[in-house]
Each structure stands twice: as C-alpha cells, then as structure tokens.
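I am attaching a structure below and will ask some questions about it afterwards.
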Amino acid sequence: MRKMLLTTMTVSLVGLWACAPATTDAPPPPVVSAPAIDGPADSAPAQKLTLGFAQVGAESDWRKANTESIKAEAEKRGHELKFSDAQQKQENQIKAIRSFIAQGVDVIAFAPVVETGWDAVLAEAKAANIPVILSDRTINTQDETLYTAFVGSDFREEGRRAGKWLAEKTNGEASILELQGTPGSAPANERKAGFAEAIADFPNMKIVKSQTGEFTRAMGKEVMEAFLKTPEGQGATALYAHNDDMAIGAIQAIEAAGKKPGQDIVIVSVDGVKDAFLAIQEGKLNCTVECNPLLGPPIFDLAEKLVAGEQVPKITYSEEGVFDENNYADVINDRKY
Amino acid sequence: MASLGRIVSSRHFWPLLVFVLTLLLLRHLSTDFFSISDGRVYGSLVDVFVRGSQVMLLALGMTLVIATGGIDLSVGAVMAISGAMSAWLLTAHEASAGVAIAGGLGVGAVCGLWNGALVAWFGLQPIIATLILMTAGRGIAQLITDGTIITFHHAAFEALGKGYALGVPISVWLVLGMLLVIGAVVDWTNLRLSIESIGSNATASRVAGVPVARVRLLVYVVSGLCAGLAGLINAANIAAADANNAGLYLELDAILAVVIGGAALSGGRFSLTGALVGALVVQGLTTTILTSDVSVHATRVVKAVVVVLVCLLQSPAFRARLQRMIRRRP
Amino acid sequence: MRRLLGPRMLPLAATGLVVVLLYLAAGAKFHDSNWFTYRVLRDLVVNNGVLGVLAIGMTFVILSGGIDLSIGSTVAFVGILSATLLGQGWSPPAVITLSLVCGVALGALMGWLVASFDLPPFMVTLGGMFLMRGVTLLINDSQIAITHPTYLASGKWPIHPAAGAWLIALVVALYLLHYTRFGRNIYAVGGSEQSALLMGLPVWRTKVAVYACCSLFAAFAGVAQSFVSLSGDSTQGVAQEMDAIAAVVIGGTLLTGGRGYVAGTVLGVLILGLIQSAIIFANINSWWTRIGIGLLLLIFVLLQRAIQQRVDRQ
Amino acid sequence: MAQPPQPSPESTPLLSMTGIVKQFPGVRALDGVDFQVRRGEIHSLMGQNGAGKSTLLKVLTGVYTRDAGQMLLDGRVISPRSPLEAQGEGISTVYQEVNLIPDLSVAENIVLGRQTQRFGFIDWRAARRQADAALARLDLQLDVSASLNSYSIAIQQMVAIARALDEECSLLVLDEPTSSLDQQEVARLFGVLRRLRDDGLGIVFVTHFLDQVYQISDTITVLRNGRLVGEWPAAEFSRIELIARMLGRDPASLTEAEAGAAPPSPVAAAEAARLVAHQLGRRGQLQPVDVEVGAGEVLGLGGLLGSGRTELARLLFGLDRADSGRVELAGRAVRRGQPRSAIAAGMGYSSEDRKVEGIIPELSVRENLILALASKRGLWRRLGRAAQEALADRYIQALGIATPDAEKRISELSGGNQQKVLLARWLAAEPSLLILDEPTRGIDVGAKAEIMALVADLKARGMSVVFISSELEEVVRSSDRIMVLCDRAALGELRGESKTEQAMLARIASAHQEVSGG
C-alpha cells in the first residue's frame, strides 16, 4: 500500500510535469531604440487594464517611494494592480511573474532583483503574449525581445554625474572612499562603472578604498568606521556612496571619528531621498544625484499604450537632477519620500 | 608546567587567545586603534565592542538556552520584531522613548515566551519550535512596519545605539548591564544549578525536583528579552526599523559565539563571559577584515574555519586522536 | 488501505489530503482567476523543483538524525562555478561532473567530521554554509550569465529542467531509501545509532555517505538552477536550507531521525508552494507567506506530535 | 574445592581467550582473563556487577578493543574492531536491552544489513521469507511487516534472538536476554538454546537469575574484580559455592552470616499512617492498589523484575502519571504526575536507573548532592556556598563517599560512590518518606552493607522508607512489612512471622501457577 501511494505520487508528478514553454511565433514587439525623455501624455482615460507588478522588496526609502507611486497611480487611473513583494529574492519574483501569467494579466512590470536568470520566465510571458515592462533596473539577456520596454534611470549616467560633480567640486583632486551597493545588482555595477568613467580623466582623483555596504545604513556605517581607521581612510578627502542610506550611515561614522562630514570629507551619493536633502541642509552631505522613484505614471502610460496596441519606446529614462547646497532648496519641500 | 597545562586546557584560553591575536592584527592594520578624544573612547577597538554589542546580547541569552540543551533560531527575527515595534510606537503613536523601549522589550519577551511554551509545554524540539518564529518573525515585523522601513528621529531613543555615557557607548553599557544582571540572577539563585543540571541530564533533573519546564520557559524568555534589546540597539543605531535586514543571520553568529566561548551544543556547563568573548572573536574578525584590504567575503571563510576548529578542539574523540599522535612522536 | 490508515502511513496520508484540500480551498476562492488551470499546477512544480531537490537531499540527513545547513550555499557555489567555467570554454558535461564531485567532496568532508569526531552536525554544516558562501562570493560576488548553447537549448526540452531534476531526484531517492542497504541503514542509524552499531551496521560509513548524498543532491539542485536561470548568482539559495527543513518537517519526517518518507517531503514542498501561489493570487502582502508557512509548520508539528503520542501509547 | 577442569584434548575449544587485559582511565576492568567456550556447550559467565562480565563480552564482540591478550576462534586469531567484524567472524550477540530499531518492521530488523539484493534492488519478498524462517526457528509466527514497536518487549527480545541466529554464526552471545521475559517465554527460549547447542553452536549466557543458570548451563565461569576466579561444570558446582565465589568469600562463612541475620523488627505500633495511597494505578503498568506506610516504618516491595514494584514507586512519586487513585503524604495531597509536588510533600525517590534518572554527569559531587534540597527550596532561594560545602563534606564523611573532594565530577566516581551521593542527595533534602529503588544494585558488598545499615538508621530516626531490591534477602532483612507484587498487581502483604524469603517465593510462585493455569 505504501508502494501504491508512492507510485501514485510519482505518477501524479509525471502528470503535472511541466513542459517547457511552447514556442509561439508572436510578432516581435516594436522597438524604438532612441532614448526618449518621458512626457506623461495626459491622454484620455484608457480602458481598464490589469497590471502585475513584482517589486524587489522594501529595502530602502527609495523603494518605499517607488512602491507607493505605483500603487497610487493604479488607484488614480482605476486600473487593477496585482502587487507582489519578492523580499529580495529572485525566486519569489519569478514565482510572482509566473502567477501573473497564469492569472492572465494584461501587462507585467517588475523591478529585477538581479540582472541575470530571467530568460526562461520572460519567454513564458512572451509565449503568453503578455508585454513586459522593466522598472528601474535592467536585465542582462541575449534576447532583447524578451521585454518590451524599460522605464527607469540610467544608473551609469548617475555615476557619471556624481563623478563629474565631485571633479568640479574638488578641482580634480581627491582621494575617494567608495561604498558600493549590493554586489551584483545593476545599480551597484553601473554606478561604479559610470563614476569610474567620469574620474578617469582626472589623474589626481583616485578611489583608495572600496567595499560593499549592501545599500543599508547599518552596513554603510560599519564599513565607514573601518575605513576611517586605515591609512588610506584617514587621508581620504571624499566619499562616494551608491545610495543615500549608506551615505547617511557613513556620516554618523565620520562624526564619531571627530571629523566634519561635508567639509573634511566631501560626500556625494545617489538617490535623492528626503533624508539626503535634510543632510544637505545641515551641511553634512554635499551632493545627491537624483534617481527618480516615481515610476508609477510612466509605467502606466506605457501599459495603456501597449494594451491599446500602440508602439512604445524601448527605453524611457526618467528626468533627474543633481542637487547640492545651491539648489536643494527648490525641491526639499516637495519631497514626499 | 602543570599550571600552564591548566591554563591551556581552560575553556576560556583558546577563545581569548584568538581574540587577542585578532586584536593584535587589528592594531597593526588600524591607524586609530584606541584613543580618547573629547572624553569619549574612540578607535577600532571600540568599534569591535559597539558593533559586537548586538551579537553579545544575543549570545548572553543564547548561552542560557544552549546550556539547557536547546537552541534559539528565532533571535534574529525577534530583533526585527522588537525594532519594528518600537519604531512603530515612536512614529505612529509619537510615544516617548521609555514607552518605545518597553514596547520593544515586551514584544521580545512575548516572543521568548512563545518559544518557551512550545518547548517546555508542548515538548517540541527547540530547533523546530524556534524555526517557526524564525520563519514567521520577519513576516510579523513587516506586518508592523507595513512592509516598509520606518525611519524616525528621536534623539533619546537613538541614544541607545549612538549615545555615550561616561565616555563609553551606551550599547556597551547595555551589554555590561545585561551581563551583570543575568550573571547575578543566575549565580545568586538556584538558576545556574538548575540550568546546568537540565542540560546535563534533564530526566534526572526532573526526578530530583528541578522545575524543568519552568526553567526552560525562563531561558527562552531571557533569550527573547536579549534579542529585543539587541533589536532596539539595531534600530536606534540607524534610526530606522528595517524588518528585512535587522539581525539577519545574527542567530547563527550568536550560536557561533556561544560555541566559540566553550559551551557544548548538547547543554550543561555554561559561561556568560565565555559567550561574550566568543561574540567578540566573531566581531573582531569582521572588523579586522573590513579594515584590511581583504574582501569582506573572506569573513565567511574565516568563520567557517573557526567553527570547525573550535568544534574539533572541544571534541573528546579529536583530542584523543591528537594525543595519540603527539605521544607517538617522542 | 489498512496500512494507509495505520499508524505509520497515517501522517503521510493526512499530509496528502491537506495538499488536495489546500488546492481546492484556494480554487474555491480564486475560481474566476484561472486557478484551476494546467498552468498553475505546472508552475507549482516548475517553481519549486529546485527546492524539491534540496528538500529530498535534506530528507536523507534528517532521517539519519542530522541536519545540513550548507545546501543553499552549495547551490550558489555550483551556479557560480558553472557559469565561470562555461565562460572559460569548459564543456557542460565536464562542468556538471565537476559540480557534482565538489558537492560530494564537501558532503563527505562534513560527514567525516560528524562521524569521526562526533561533532554536532548543526555546527559542522554551519561551517560548510559559511565556507561555500564565502568561496562563492570570492570567486564572483555578482551574477554571470550562461550563454552556452546546451544550456540555452534547455528551454526547448520536453520537460522543464526544474521539474525534470525534481523527478530524477525523487526516483533516485526512492530507490536509495527503499531498495538499497544504504537507505535502510539510514533509517536504522536515525532510529537508534547505538542499536545500529550493535547490530553490526556500518554506522560510520552510513553517516559519511548521508552527508555526501545530501550535498550531492544540493549540487544537483545547483546544476538544475543554472539550467533554469541560465546564470550563476552568488546570492542564490540564501536561507533555502530553512525552507527545505520546513518542507521536510511538514512532510512528516521526524527531526530526531528514523521516521519519514521522501514522498512526504514532496508533499511538504508542494504545500509551501501552494501557500505562496495562493498568497500571490490573493494579491495580499507577501509577508503573509512567511507567517502562513510559520503557522502551518506549527500546526503540522503539533499534529504530528499528537499522532506520535497516540501511537506511542498504543 | 573444585579445580577448573582441563579441556579434553580431542575438543579444541571453539573460543579461546587468554590473558585478556582491558584498561580504562583509572580502572583495570580486565586483568589477564582467560575464557573458553567449546562447541555444543552453554557456558554461563557469572560475577557481580563490576566483575568484568560485560567488558569481557564487549571485547569479544568488538565493541571494545583489548589492550593485551589473545583471542582464538576455531583456532584462528581474531581481533574484531567492531560488532560488524565480530559478526563476520561468526560471533552473534543479543543484548540486555533490545538493541533493534523500533520504527522499522520486524522483517527489516531481522535482515537489516544482510538483505538479499536482486539487480541492485532489495528483494523485499525474500526479506519477509527470510524473517519468517528465522522466527520459525523460535516457533514464532508474527506479521513481519508490522513495525517492531507494535509488539511487546518480550517479542522484541525474541526478534533480536532470531536476528542473531539468522547470521552465519558459530558462537552466540546472550547478555541477560531473559530480564524482560516471562516464565513461558524463558522456557521457550531455553528450548531453542538447547536445540542450538545440540546443533553444535557455542553459547555464552549471562544472567542474574541463578535458577536459570542451573536450568540451562553446562559450564560456569566466574569472574571477580576483573580476574578469572575459575571454571566449573554446572552439575558439580553448588549454588552456595557459586555465590561464595562471586562474592569472593569462603562458602562456609556465608552460611553463618545468613544464620546470624538480624531478627525482623517489630511492626511499628498503631502509628498514624504517613503515606496513604488509594487505588493508585495506571493502565498497562499497575492495577489499582492501596498502600500505607507509617512513620518510621520500612515497607518492602517484593517481586521479580517487571512485577510492578518499580511502577508502583514511580506512581507514588508522581514520576509517571497515574490513571486512577490519589496519594497523600502526612495529609498533603500529591499531584499526579508531578514529582515536584511529591518532593514538596516530603517524598524522595532514588531511582533504580542511576545513569538516566540519577546522576547529573557533568556536575560536581557537591552540586549533585544539594540538587534535591536546592530544588525543594525553590528557584530563587539559593543555598549559600558555605552551606553547600558543609553539607557536602558532612555527607561525604557520613556515608564514606570515596572522592578526593566535593568538586570532583560525579561521573568520575565509581558506581557505588555515585549511589551514595544520590542517597545523600535525598537525605540532604530531609524527606519524611524515602523510596529506594534498588539502592544496592551494581555496588560492592561493603557498600551494600553500609547502605543497609543506613536504612536501619533512617528508620530508627523516624523516617519512612519504601524499599525495593531484587535481592529478596535484603528486602526481608530490612523491611517491617512486605508487599508482594506479581504481574503488575499487588498479591498481598507479609508481616511478622510470615515475612520470610520462602513465603515470598511461594506467593509469587503460586501466582505464576494461577496465571499459567488460567
């Protein structure tokens, strides 16, 4: 009898087994390769659509603002939103996307946790003729037709802007500490590369120490503490943090070391969240390169167009600024996140 | 010679030796090992203690749990819950620091009570009983924070993580206070005897009248309290409650600390200071690697080697084999 | 039928019933959103295939009375190793063989430490976990795409790699546990190590082999993962060992060893998967998944304990 | 005085162990022991606990490796390093506790490690056939696919024997195989053993039941303190001489000592009952029974192993949860299943299982000694260190506990001294009623006498005692009244004149006849 149950199990598993996604010859989605600055077209209310959004998690203030923007926009436009928080795990995100496909949503959007490993599940979406919008992070794939559009920031450009700003501020002379983001994530990779590009022209700008701070305040603080107790760290004149949270953590460490953040060490970071503006106001942070989390409107713009059968641009970058003590006051009061 | 032998075979010798060696290396690498500026202690040495304070607190509770032959996998999750609770009280209810601290500690104790009840009253294996809260705990914490990171600005509360008293970081005082309180309670009552006897032979302890269930319940509550306090320090340190990352994998570090500190995972004799030294070894390694140019990932490899070495050194079978090998050579 | 409702099989039958009920209950709630489709069932298998393989390996160790915390890290290690070597022009068979050999070597090392020096498996495999994750991150701390044609072609296989791997693992495990002396010795060692020793069973060898076997399954899961995701990712499999343990326990295997079935583990994985699917379908916050799994774990463990006590009293 | 007979030249012994030495830290467990077993012989190995019997068997079966000496089986030199290797040499063993895997089926337990395989698959049908055949040799018919733990301990023991016989073996070692069997089962086992002997097997038999030794043995070897005392044909070796050899005494002096045993003390006159248990029972353990023990009275519980005497003690103390009945001590009700309540009421219980239910191995003598008192005072009221040390020193002196100091780990003490520490643990807690379950088991004669004297002393000081021992003579000597138990039920009481060993045996024997007759 035991054997019978085992056999039943095996048989049912075989019965359930999964075929690989059937290859369909869906027409390739429209490709508009020219980067376009978004202009949320206040078009007439589109038909009600269902969008499945697989979020990374809730790891930072930036992410929180991102989530809220998407949720608010869905409500505002009267669309149905299926939202899933992957708790920073790719496998959870893949499960969510598969579930969206099974539920037959009109459009899938997601912010990929990591860059690789999406081909199989996106092929399934493609086979089911569901367009996919990447939000805020890109993926690394051989087959660019696996996703329809990308909405978000140009991380490499952010890195470049941070580098440029720092070069101007320090007249091309700085020994720099770098706090990297989560190893392997697109923003960490790209912001590092862009920054390196920008300072490559300045022979007297050198990154003297670089470690991961995992995008969190706690790690940013701990790593900075350790940096400051090394010969390189003591001589450092600038800090580049891949996000504001790490910079805020690092500011605490610098203060504890008896130095003045913003003066003894010039600090530039990326994201542009409210706490960063407050820090600029206090003179502890010098510059934050904005990375706009308010992706709800552009995502739904694209989704509406896709459902209506219109062509959409492949890449849509958000409009973003660079803020330092000269211009932070323009936006600080409007920042909700 | 005999006394040297006794020192070497003492349970604190090896962890202390490793800690001292780590500190020497750190001192060599660090340009600012220890100093006093503005009446405050400062330097890499201080960092080790401050950063290690959370694991030290966890290790204090974990020592008692392990001494009864149990284990508490949920402490990392409990840290997240207590941090979330106090941040929620601070922001949503604009509570005072005192209320927030009490709330965080209270919720930690309740978590401990839950674990203890499952172990002591329902007779579940500790590893499973606490795995339940380990799994569900971060979910509960996110329920409190509504899935976001709650940031707050509250100087009095933040002092728990960043403040100084008499020139020494408050978090270090908290560890010291906890050590003294637990140490005093354990040694001035029958608790140490009861805990050690349960860990050594629970059946015989019951026959001898030791209140086995009550002691087990108590150690899990203490562990929950310690985790709660560690969670508060964690939240105060970054002025935010991060349900996802607060105390992530710290339960493993705490268990590691206790074992490095010389306790057997099977229960029995325990030493609170040993556990603290164990925690400091773990943190000392991390800080040293962060200070050096070695990739931070190497920390894990070093930890792996330390775990296995410490376990081997404690293993009677390994010691016997080692002695045979030494004796064979003249 | 009598045996099915007998004390030994009852928990397994009950677990199977729970899977069906859970599926139907979720269906009653989501009947208008394609719950009763082939695709949902397919996804259940495909999504959880890798975890399924890991949990099957974990079943071996837990049946022997041990535990293995290193498996999640092993998955990441194999992924990064495969991607790196494939990038350097190694052939897939060589890469897969090397991955499996690495798994067996790690497992045998941990098993040797546990069996020869009587070290606690929890600590030894914790060391294994730190070691594998550390080595993985030192090799490469981000992701590497796999572009080898053999791997890319796996999308056109008649069976999804994750499902295939799960099936293979299940068949191999059923064979090993129920039709070889090694498998029966695992039950014996888990049931009573002392007795097994006195019965003249090869306890030492069994213990070493059990850990080697579990790590082999983990490495196999890693290979499957690299086919599924076409990449190596150093953050893959974080905390997956805990999910595997939960699945094994929900599947009715006693953590003290000696009692349980692979089939139960399969059911346990399916239950975890169903909860997660249902919560995504219900469009409620994903943290309920963790709470749900925790609660379910609690209910199952208490239930098993109650059954156990009834059986023991008889 | 009988001399060990020389083995006849034509029969080379099946097993020949010579000069076996086994050293443990601090103890020489075996000191040059010689032991021989011939084909077609049942050979009893006798000796007190600690004589070296089990160490010798463990050396023989590969659990321990010997430090010196030689082992020959069938003329071949053997040195098994594990039970597996010993089995390979043809030595099969059945242990005192059932050493099988309770969760696996009967068939599996018999064939485990020797399953027939076909094409790399275990042939389960063959396994069941093999198991059926093995059980048939013992005239047993069981459902071999049912799990082992669905059968009684006795059946499990028979399964263990079936497993041992199923192996290709020339030497069968039985280490106290009968301790959990009833008479019928013993008779059946002995029938099987005789048949095996006639088939030419050599059998080593260890038991503490003297009757059984004489029923079954051809030869008896006696060990004492790790040395060989001698080997005798069972037929020429009287019981009294056997006991004398085991105790290392002159047979003549033993009879005198018994004759001079103290006369039974008079029953304590109509004193208020201190312990009252009414209809105390638990399904499968003990049929409901009434018990009364007065102040300063010693109640002996007489009966064989498994008669229900230990079960009664455990129910009185609350270690097992009673299904029925209630217990009161000095008017205070004791809550069911709660030893702490019993201790609070003034009870103490020294368990027969010293290792599992007695000592706390990692703790010191002092800590072990104060444990019950400390627990009685409650978690929060600690006994001062000085008071602890004073207490420990007092009892170390009073009971003559051989330890260098009170801080030595109890696990490093000898069995007798551990037992004394456990007694001291209870005495320190000052109970009004002390239950002593086999307090003299596994300790040397001197310590036995001291403990017996101690019981008398306690009684004189007004403490009530419930006394359990396998040695009937001890029960008779120390008790005021004896409650006789058999088959998990009370048969009645013996007091005054009728309180003799013969009367007890008669009661038990008649009960057995009734049982087997009905």
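In order of appearance the chains are A, B, C and D, and numbering begins at 1 in each one.
Everything below uses one rule, namely that contacts are C-beta pairs under 8 Å (C-beta built on N, C-alpha and C of every residue); 3 or more make two chains touch, one makes a residue touch a chain.
The structure presented is a predicted model; accordingly, all values stated were derived computationally and were not measured.
Enquirer: Can you tell me which chain lies farthest from chain C, using the average of the Cα atoms as each chain's centre?
Expert: D
Enquirer: Please work out which of B-C and B-D is bridged by more C-beta pairs in contact, and write that pair.
Expert: It is B-C, judged by the count of C-beta pairs in contact.
Enquirer: Starting from the mean Cα coordinates of chain B and chain C, work out the distance between those two points in Å.
Expert: Measuring from centre to centre gives 30 Å for this pair.
Enquirer: Counting only Cα atoms for the centres, state how far chain C is from chain D in Å.
Expert: 45
Enquirer: How far is the middle of chain A from the middle of chain D, if each middle is the mean of its Cα atoms, in Å?
Expert: Whole-Å distance between the two chain centres: 72.
Enquirer: What are the residues of chain B that contact at least two other chains?
Expert: Chain B, residues with two or more chain partners: 142, 147, 243.
Enquirer: Which chain D residues touch at least two other chains?
Expert: none
Enquirer: Two or more other chains in contact with one residue: find those residues in chain A.
Expert: 85, 87, 212
Enquirer: What are all the chain pairs that meet the touch criterion?
Expert: Pairwise, the chains that meet the contact rule are A-B, A-C, B-C, B-D, C-D.
Enquirer: Quick one: which bits of chain A touch chain C in the complex? Just the residue numbers, please.
Expert: Listed in rising order, the residues of chain A that touch chain C are 1-2, 5-6, 9-10, 13-14, 16-21, 23, 82-87, 89-92, 94-96, 98-99, 101-104, 114-120, 123, 140-142, 182-185, 189, 212.
Enquirer: Quick check: in the complex, which residue numbers of chain B touch chain D?
Expert: Touching chain D from chain B are residues 188-191, 193-194, 196-197, 199-201, 203-211, 214-215, 268-269.
Enquirer: Along chain A, where are the residues that touch chain B in the complex?
Expert: Contacts found on chain A: 57-61, 64, 67, 85, 87-88, 211-212, 214, 216-218, 221-223, 225-231, 233-234, 249, 252, 256-258, 275.
Enquirer: Would you tell me which residues of chain D are touching chain C in their complex?
Expert: Listed in rising order, the residues of chain D that touch chain C are 63, 82-84, 86-87, 93, 95, 99-104, 108, 112-113, 115, 117, 120-122, 147, 150, 163.
Enquirer: Using the touch definition up top, name the residues of chain B that touch chain C in the complex.
Expert: So the residues of chain B touching chain C come out as 71, 118, 122-125, 127-129, 131-140, 142-143, 147, 243, 252, 255-256, 259, 265-266, 295, 297-305, 307-308, 311-312, 315-318, 321.
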